Amino acid sequence: MSVHVTVWNEDCAAESKEEVLAVYPRGVLGAVAAIFEGQPEFEVRTAWLSQEEAGLTEEVLDDTDVLLWWGHCKHSRVPDEIVTRVQQRVLRGMGLLVLHSGHESKIMQRLLGTQCSLRWHENKDKERIFVIEPAHPIMRGVPAWFELEAEEMYGERFDIPAPDALLAIGWYESGDVFRSACCFNMGYGKIVYFQPGPETLRSYYNPNVQLILRNAARWAARDRALDRPLHSEFAPSLEEKR
Amino acid sequence: MSVHVTVWNEDCAAESKEEVLAVYPRGVLGAVAAIFEGQPEFEVRTAWLSQEEAGLTEEVLDDTDVLLWWGHCKHSRVPDEIVTRVQQRVLRGMGLLVLHSGHESKIMQRLLGTQCSLRWHENKDKERIFVIEPAHPIMRGVPAWFELEAEEMYGERFDIPAPDALLAIGWYESGDVFRSACCFNMGYGKIVYFQPGPETLRSYYNPNVQLILRNAARWAARDRALDRPLHSEFAPSLEEKR
Amino acid sequence: MSVHVTVWNEDCAAESKEEVLAVYPRGVLGAVAAIFEGQPEFEVRTAWLSQEEAGLTEEVLDDTDVLLWWGHCKHSRVPDEIVTRVQQRVLRGMGLLVLHSGHESKIMQRLLGTQCSLRWHENKDKERIFVIEPAHPIMRGVPAWFELEAEEMYGERFDIPAPDALLAIGWYESGDVFRSACCFNMGYGKIVYFQPGPETLRSYYNPNVQLILRNAARWAARDRALDRPLHSEFAPSLEEKR
Amino acid sequence: MSVHVTVWNEDCAAESKEEVLAVYPRGVLGAVAAIFEGQPEFEVRTAWLSQEEAGLTEEVLDDTDVLLWWGHCKHSRVPDEIVTRVQQRVLRGMGLLVLHSGHESKIMQRLLGTQCSLRWHENKDKERIFVIEPAHPIMRGVPAWFELEAEEMYGERFDIPAPDALLAIGWYESGDVFRSACCFNMGYGKIVYFQPGPETLRSYYNPNVQLILRNAARWAARDRALDRPLHSEFAPSLEEKR
């Protein structure tokens, strides 16, 4: 049974700036979607902010096992009720992969409870990503480290709760480090944050970035059989009172 | 330097029901405050929902190292801006001890990102609390286990992220178990959830419950020297570009 | 590709006591093996202490993706070099499922570094196991809780490092609780401890126990492609010295 | 009540090489001890390998709240029974701070269960240490990051179990990263690994390194009141059988 992937972006291709299209002809949205397209184990759809209900209708989410989220300048335009809807879906089991500047999206802050703030600059720094948990399914097939020729620097301290698994740490030529791949379990859902991916650099063409995203989608995909209520409930005594 | 404790409740003594006052003559608010009163290392104040700004003005929070939160029926009446204010304070370092039915308070859900739901019943069950991390400062002086003659049953699954430290597990005669004491680190702040304490039972008179709350307040009290910004910031390169 | 399971026991069927054979005609060894037999996704072999090299030759381990370990009275007879060999295999990626009284086996203590001690009695207590992480692959398909009519009581405090994932907590009619299913990641390997299974009680016939063991074997099975050295190594500079 | 600190080294001053004494006139042993000397809250003693029982008699350990361990070339000469003795003390509550090349000491491997291997080179690299958990007591007063002008490179992957708290990550000009400060809770004891400190470089003169070591000693110091047995024990039923 294939994993149903919904790739979300604040911009569709038509809305993307020229300098983005120069790097990713279908925009970041299309570049991320392409990582899953043509792979029999994935069924991909795209969604974006300017669509009705930000592209994330109940129907779309009903059919989504894992949602990828890329946003940057338009975080504040995502309606709060959509954030609540996505949060509820994650808690009920939908996977969520938050990409790059999505670290300060409303949905990331809502789920993690912290600011998710960090230190940053754009200087096309070389980054080297070191695998910390080589046996984790998300790191399957990834070498001990790999390089990205030019990245936006995201540096510590990254204001997140200690992740349930720290998968990778990035080194930057600018003198910084970053917890570049992190997992969080929440409710019945799984969340992965993965740092690479500014809109005018080429990281989504990197085969290791692609491999990690495919592995992460497989790992975080919801268990469709899991369908227990997530509200408090009265529970009769399991044992007789003495 | 004493720890400044603010004990918050949805009700002050005057607002408390008769059956509550029968057990705790100063209400739950007063019962929790009494745990810290007369101890030179603590300076205690109380605050409650019907006060201006829910009793949690910026001034009060400026002077609070650790906030204790007890609420039950009036969670929804706590204004969202107060929840946001408390959340921001926790992220900046203020300790937060969430008590009993506070598990579904807005502030708990806001910080943890999950529903914090559970299974429950009121049947005056005997509970036995087992210490899981005896070397944690919060468990200092607490025996391997202790009993509460009558408690409200809070049972698993408790919908929280895996805590940074699981301090205690409760056994109930009704046949249930519960992660009854949990710690979470968020931002610069520390959060403790501790399960005992319904308003008409006597758990806040239990010396081990009292010891744990005092230990927890000491452990979670903010480091006043810690005052670094918690928003993303531009960071010049630490190393020269090659 | 099937998962190669090696089920190890301190006794083979022929060495098992009569009261064990009365419950498990092929001994505990056979009872655990039966959980994997006839399942196309698993290939099962058995091994036991009185065999040459305790049944765990390099050849056997070469062909083992996950090892199940059940021991009780004969922990001290397992040769230290076999313990070292198994430890090294786990660190290189082999999965290890430690069952019941295996909690104090040399291999468990060696890997976890603690005593793995606990409180216990044999009184055929009813146990009820509550799932704490329903979305973990090992708990897939397991109900919110299930009961074992008669178990040996293993009670907290269980002297283990905080597990990387706490999957289940057990309630006992004797008034005790236990972290009954725990995961640990070590080196490239995955370790699962699962509490049920004394030799004269019937827990290995329980369908949920069986399901958990099959799920755990699948989860912990080594990634055969992962074959990086696990010793410290000289590493030339990745960047030129300035 | 002062914290009783025992600083252990494989060499005493008289045994130290000339190039070490050129940097640290009292050897590494004396340099580490000096961090605690003259501080009223600490009482310091030193111990070293060539002493009887490696300097770690039962009497010395009886009087030790926290033990600092620095070794490099002579790991294999530490007698196994001393390693076992120290392990038992840690499990009963004694703090252990493992320094620099102590990462592959027998006691570190014994307690953590992994190889504790890493990648390394000696090239007097600049290191920059970033604080990951600024609110942890061990990081109290430490700036967001600090630099060591020349360090031995210790690089990932560091083969340790995921620490209970990851306090700091190091950046190296050689292009590497390292989890440079990690905490582990084991038994009733607390373990801290801290990476800086080769014998011919000057890191133990760095005020932040010194501050972290003092904070760590305070944090890890045993609770003398904690004295519960750490072996499995028969436990009568806490509740009557029905």
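By written order: A, B, C and D. Residues from 1 in each chain.
Here is the rule we go by: a contact is a pair of C-beta atoms (placed from the backbone, for glycine too) under 8 Å apart; a residue touches a chain by one contact, two chains touch by 3 or more.
This is a predicted model, so every value here is computed, not measured.
Student: Between A-D and B-D, flag the pair that has more C-beta pairs in contact.
Tutor: Of A-D and B-D, it is A-D that has more C-beta pairs in contact.
Student: Among all other chains, pick the one whose mean CA position is farthest from the mean CA position of chain D.
Tutor: If we average the C-alpha coordinates per chain, A ends up farthest from chain D.
Student: Let me have the rounded angstrom distance from the C-alpha centre of chain B over to the C-alpha centre of chain D, please.
Tutor: That pair's centroid distance is 33 Å.
Student: On a C-alpha centroid basis, what's the spacing between chain A and chain D, in Å?
Tutor: Here chain A and chain D have centroids separated by 37 Å.
Student: Two-or-more-chain contact residues of chain D, please, as numbers and ranges.
Tutor: Those would be 128, 133-134, 144, 155, 162, 164-165, 173, 175-176, 185, 187, 238-239, 242.
Student: For chain D, which residues are in contact with chain B within the complex?
Tutor: Answer in residue numbers: 93, 128, 133-136, 140-141, 144, 164-165, 173, 185, 187-190, 223, 225-226, 228, 238-239.
Student: Spell out the part of chain B that touches chain C in their complex, as residue ranges.
Tutor: So the residues of chain B in touch with chain C come to 128, 130-134, 144-145, 155-157, 162, 165-166, 169-172, 175-177, 179, 242.
Student: With touch defined as at the start, can you tell me which chain A residues reach chain B in the complex?
Tutor: Counting only chain A, the residues touching chain B are 87, 91, 104, 110-115, 117-121, 123, 125, 153, 155, 159, 161-162, 164, 173-176, 184-187, 229-239, 241-242.
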